[in-house]
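There are two complexes below, and they share chain A, which is joined by chain B in the first and by chain C in the second.
Moving on to the complex of A and B:
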């Protein structure tokens, strides 16, 4: 097993750099969108509908990645869509992590009835199709940024709870925890100062993966038109429009898809890279 | 004896889980601010009309009473009437279930075929560049979710090289007079090759999109346990007997390496079934998931309820089945 991993270890540096680089680019794009976006993302011009990207003949200058059926600039819409995607990734990812990891830590370390209750809820949650659950929640809460974030936290906290619970359980059985107890530390104190630091690398890696998942869930919700208001630019909304007109204007689907693809890949590669780097056995 | 007890406990937990799912869905969808009844009626409807329909659907009672009435109906196999389609929920849901089941099972077969082939290749050529390639492929396949694979496949095989249908389950022009909704299964039994080809042409891309992440998991896990098995004494013995490497891997190592993969495939298969919701939407495939999204958009409470319960039932049944298979296949547990 060590041999197999040893071979994978080499490209980790490159992987982290590439994914970190793409995500930095996205953050810059989101922050500077009003200045770098060539057009107003909401501006429609029906005379310029479905213009192809710049390298194809018959384009209008200034519309680098073409226009959609209403003549809106694809590049500008992607840039503005980045804002929603990154806010959701950051806020929903962090909240999911805080809630899920806390519950997992308590269940795994305290065992007994807190564990029984939390684990039963995890079981019930595992019986829900996550996408359907998210769509249901949005339908109930009504579309909007806060609803998206709540939906992601509600469907995904179990991902953290399950993993952190298992880790906390195996850490709790170790000698150093017993010696901390003998030294007179309280249960709660031991959990925070002994267990948590040892589980933290796993939590950080999971958090990075979760941000990628949050971006996908947001894209899926806007794909079925349940994200934020319908004319705000979202990657999922652009993909939905591109899907229907894929035979007439492939660029409306392809460019947001590439952006989403690279973003999800970057988050997951970053997560995997961090996991390998932090893993004390591999180090 | 212990085995029987273990299954009894599993059965009770399954019931508790399903009950929990029912309660959560019931409470969640009944705190919706909008009135689903008002949406059913034309704009000029009077308050009396609304009240009459509310009574008909039982919305005038408290949530607790509504739940008891619903639960009583479920016990008799009555899941209520769909608000938007005005048909019994059980008919609608059972009519769509075969489409989703066929899609999931075809996806599972594809995943096992691709994942198994990758794992065997990686083991056969272990510690070479080929194994590295298998690792990289599986890693990439796993980090991209089914929704994105579906879109990529649409571009590849629907637009660039249009060989497959990108929407629907079956061509409407095709004349089928089947007695069940298990089109693929029935076409296979009746040897209707035109129908089989058409169904596969529609099903291939959504099934592949669902299969790719699972195939990656199978490839990684099966390869790891195969490689561990290859170091065991009995495998060395088979080798000294003069059997070739291919024979040793497939006949000696594989049967013992399959077991750990099996449990995980069970859990992952439930994720695959959950994935059908958005994949069916993406490919306009007329299954349960697609119906579920419409039901949510139309706020069709009885229908949403029926579909979610059916999904939950499917998930728990798959888990139960895998546990039983594990016991049957594992000789150590059989004699416990």
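Moving on to the complex of A and C:
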């Protein structure tokens, strides 16, 4: 038999380039904020309030995306807000993924009573309206970065649990699982070495999606003033402030909104792109 | 005797007829089977759909636990051993699955699929053993770096065979392994398996619904019908003078080529 098929390199898609590029830019912006931000994000200058962005006439040089009603630089505030947004996305997204995927995997693979317990919890959880649940949680825990992360994890683990459970169930019915038993692999070992690699593409896609959702939830909580203290700039906080003066200074609302939109979109596209690129099973 | 099966019974709960409360009624799938598999035999297990032949195979490999009777493998009663007790002896009886796509983990390379069971049983020289197994089933060694979806159906089934023989088992169960293949791949896989049985001195149980496939390969045949053995004997004899009505029915179902037929 001939073996003509070499290693076929798949090109990195445009999707992966664009989403990866935007997220890299954000990470750099967040890390280097003290050096690249043109102004102090908290510095107020009432004489420079509501300056339009640089391409509109009547601006002060150095304020690229204009200023808000208190004269704070919008670009610098977005850059500093990126820090919080990314921390929340990474930490909350990863924790949610770990907890949800583990429970889903156990429920889907072991079935029986672990499945009954976990599934009942998921059903109960899903009956709560998520945003109200988050607001309630923050109100109890008190605002702060840790509370935001806890709230996101507590609300969203069910998303992972449900999807991963279904996926693990369908994989568990495959013959390669029986084959692992014939080979003498333990139940637990089979779950980790046979099932998990096959559920992983789904988990990665969900994880990136979840990171986007975490950014949104943080923005929502900032919007209703339940995120971290008003001193540190957040995208949601900026959107909330911008909303009040949208007729006089649209840029205060629009720029953080665009940043938020692009970030959430990039996270979800990153997941799809990674799947296309690294999943050995061509679809 | 490699396998001694005595009055083997197996029933599974029928979830489709489960009442709202209480337990589901059980369906008797195997109703008391008694037979032996001598060392070095190639035993054909034949029967129609729903005759219990796959269930019998899975019970012999203890993927299912029998509800009655006993299975003795090389003198050890394995009927009710726990998975932990079975694990050290699992390398001695292996299985080749019906569907070569779903029985190979799609996200592992062929080399890993064959080496996985070897690693579990603490064998050394993994690459050498994988290469040997690929040689035996007539696949190029470079296939070790491929994923299952990059192979044809016949090639995948050879990987399934390679995985089973790499452990050098005493017994292999082949469950309908050619039913998903086209006729020429079927012939190749059957020839290969027949050759391996002789070369490695294997004992083989070959499950099929197709008597013509059984005739090529097996020296003894067991005919199953609705969970019971209706006939057992030398394959040649069974084809010459079938005793049970069901066996005659199966024999008549074999399509014979008619050399005198014209296309006109």
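Here, the second predicted complex is superposed on the first by the 261 of 283 C-alpha atoms of A that agree within 3 Å, B and C clash if a C-alpha of one lies under 4 Å from a C-alpha of the other, contacts with A are read in each partner's own complex, and residues count from 1 in each chain.
Here is the rule we go by: a contact is a pair of C-beta atoms (placed from the backbone, for glycine too) under 8 Å apart; a residue touches a chain by one contact, two chains touch by 3 or more.
Computed from a predicted model, the values in this text were never measured in an experiment.
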Touching partner for A:161 - first (chain B), second (chain C), both, neither: neither
Chain B versus chain C as contact partner of A:224, first or second or both or neither: first
Touched partner set for A:174, first chain B, second chain C, both or neither: second
Touched partner set for A:126, first chain B, second chain C, both or neither: first
Partner chain(s) touched by A:151 [first = chain B, second = chain C, both, neither]: neither
Touching partner for A:65 - first (chain B), second (chain C), both, neither: neither
Superposed model, chain A: greater residue contact from chain B or chain C: B
Touching partner for A:198 - first (chain B), second (chain C), both, neither: second
Which superposed partner A:183 touches (first chain B, second chain C, both, neither): second
Footprint overlap on chain A, where chain B in one structure and chain C in the other make contact: 1, 3
Contacting residues of chain A [partner chain C, same complex]: 1, 3, 5, 174-176, 178-187, 193-194, 197-198, 200, 279-282
Residues of chain C touching chain A in the complex: 58, 61, 63, 83, 86-88, 90-91, 94-95, 97-99, 102-108, 116-117, 120-121, 138-140, 142-143, 146-147, 149-150, 155, 163, 167
Partner chain A, residues of chain B touching it in the complex: 13, 16-18, 20-21, 24-25, 28-29, 31-33, 127, 131-132, 135, 139-140, 142-145, 147-148, 151-152, 154-155, 158-159, 166, 224, 227-228, 270, 273-278, 281-282, 289, 292-293, 296-297, 299, 304, 307-308, 311-312, 315-316
Chain B-touching residues of chain A, taken from the complex the two chains share: 1, 3-4, 7-8, 120-121, 123-124, 126-133, 135-137, 139-140, 142, 212-213, 216, 219-220, 223-224, 226, 239, 243, 246-247, 250, 253-254, 257, 260-261, 264-265, 268-269, 272
